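Per-chain residue numbering starts at 1, and chain names A, B and C are given in the order in which the chains are listed.
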């Protein structure tokens, strides 16, 4: 998502393109070279996972696979890299489910970004482990893309200046800064807030100067912009869950020898498990930073959260009726327990 | 790919191929003959370089400058400055500098500032006894203030390439810009004293100042709207460009009635032409950035640089000197688009404040316009002042020294840059 | 000759008015964004994307206008040190023909990109990206038209020593 969890809006710069040819242990040229581009900058929670995947894959395959990583939007914005993977000029990239939805003209993919779908990281991880591996490959049929794995970019929460959110009524009249993504704007409007869209790099100024009186992002993203310095309340309503879907060009995947595919699958499972665990740890750390800065953190009752979700019913109806995702939505909601 | 790209680029540039197309063709040749990348990737990358909302502020401030110039607001600003300081020795020179500073607060590019204000001041300065060579240097210098005093196309470019806040960069340029302006005024005083010209005329009166102020009121508050809007976070830079254009149209059509519908065609035509030049360079140089990324040049350069030194000041110095040298020979925006994405992460990883680096870097790109043999502001001012190259260059030297000195000063005492933005917009 | 000049005039007018229309559209979209926020406390999420798309078209069509006034910056050290007008004119023609070569070589890629990007939609405005990438081939054609007019005109000026 543009301007989502920190540094997403930054383009261009990068420090460590780790696309070196240093593969270990192998004899001579690698059999398979995979190019993995993404938008995250060093320091971001999602920057780490690909960096860890690289040595894992190269070692396990004895140097038969070489994984080149191009971080920090070096090869394009999320949008251009998604196009590149579709066109086969890049092998792998990751993006938020709703970004893939528009880039691939597959609106049903946006179902994973429905408001109030996952109440916390634990239920998001259940979706990532149990639902996405089943549902996404089906949705991707005919696109020329294959699901490689899914990472977590946390759950988005509002950070507010004037008062916390305890009930749906507390949201009415808020001026919320969001990225320029339709789902975010629609969601806050449905809840009765007005929205100010801005580049992520301007979020601090927008909140500080009172152009908006709240911002929303995942905990790690909020801390990366030092927003806890200005915000006074963080209300954990968990309005949006960000599952980062990693896709590979299907032709590329099919060109990989079967034994190497098997090694990749194993490495990815290990890498994903570590990413999900790390994300949880980073989230706890970020929440502590936010609390230490004097921000009052509150939870909302399940009943109140349900009222907020019901206020967004029109968005759910669209995904249930127009895109035929009613069953999937029910399955995912059941995971909230 | 890189050898093909670099060698062909140098050949094309020397022959005089326009920079954006030279970069495009050499990049395309590198992709075709040095890689197995599909050539349509070059097209995608070029469009990507233009597909940026913050970059859109560039065309909008260019248009704002054209509209306000076309509405002859520059003349009112000039009259106001005259009422304020034309009474002292060197006063007419100072008037031209001050008027340029105010107009710089409206226009994003140096060229628009120079043609709006510069051309109006030349006859007067000539009549007062200033040499054409000095006038040219003075106009060039105050034109260079255009992209240092906010709004600034150079800073828009910096921000769109790095993702750093445009608002903060804009405000960071304010104090350095004002200091350079004051130094240029002191230079006028010195010149007028040394050559015994322009002893100043008339007596200062608050009544005249008030009258001129009322006459220029709507022009004078434009910079406040733009800067104020950005500081308060009410508008983004791009939106303040929109506001400036609308405001200019309202001034021109309804308040001063100095604009006519038939003027609009030329205003839009000129603005479209300069905007396209800027955006084309930003777009097409992205083909190079893509090639460099695929060849992992950033890491190579980073490792090389850090093997030479990891002292932040020295690294910044190397980058700035590199930009100054490149700036001698070509329009620096193209070089910025290619070099900045590579060096910016190195600089920030060494702990340099991106705001300080951004302002310093932007000033360095402005200096390129002043330095011979190739300098946009230099050429334009020679044109406006009708001064031959050899003479104009003589007085440009002190102007360049002033700008460089302020740049170094600002790096050594960062509060010059950071104080206002941090005070108003948070650290 | 006369008809050619007339055609050139028509093309220049098309380029001018397209640019004007795009600029005005950008101003309108931007105003909707700014005033929407102040007056209705909600700006539509698609204005920003729409402005960027107009900016891309403005760049490619406006670039054709830039060519007419030879406004694309170049490093003109060599040409400024040459004495003979004929040699200067020749160098001018060669360098601008290199631009023509670039535009022609860029063309097939732009068509390929348009064809490949039909299923990719904008994030806020749900239109296929092929419509945005179409600015490139359109702009290339416009720029080639401008060069066809500008190269002979400006070369003559160089040859006569007027430039």
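Here is the rule we use: a residue touches a chain if its C-beta (ideal position, glycine included) is under 8 Å from a C-beta of that chain, and two chains touch if they have at least 3 such contacts.
Just so it is clear, the model here is predicted, and its values are computed rather than measured.
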Interface with more contacting C-beta pairs, comparing A-C to B-C: B-C
Innermost chain, taking as reference the mean of every protein Cα atom displayed: B
Averaged-CA centre spacing for the pair chain C and chain A, given as whole angstrom: 37
Where chain B and chain C are represented by their mean Cα positions, the distance between them in whole Å: 22
Residue list for chain A, restricted to those that touch at least two other chains: 83, 87, 180
Per-residue overlap in chain C, given as positions that touch at least 2 other chains: 48, 116
Chain B residues counted as touching two or more neighbouring chains: 38, 40-41, 44, 51-53
Complex interface listing, chain B residues touching chain A: 37-38, 40-41, 44-45, 48, 51-54, 159-168, 231-234, 236, 289-290, 293-294, 296, 298-299, 302, 340-341, 344-346, 348-349, 425-426
Of all residues in chain B, those that touch chain C in their complex: 12-22, 24-25, 28, 38-44, 46-47, 50-53, 55-56, 59-60, 63, 235, 238-239, 241-243, 245-246, 264-265, 268-269, 271-277, 279-281, 283, 329-331, 334, 373-374, 376
Touching residues (chain side chain C, partner chain A) in the complex: 37, 41-43, 45-46, 48-49, 116-117, 119-124, 126, 128-129
Complex interface listing, chain A residues touching chain C: 2, 79, 82-83, 86-87, 99, 102-105, 175, 180-182, 184-185, 189, 194-197
Interface residues, chain A side, partner chain B - complex: 7, 9-20, 41-42, 70, 72, 74-77, 80, 83-84, 87, 89, 180, 198-202, 204-206, 208-211, 229-230
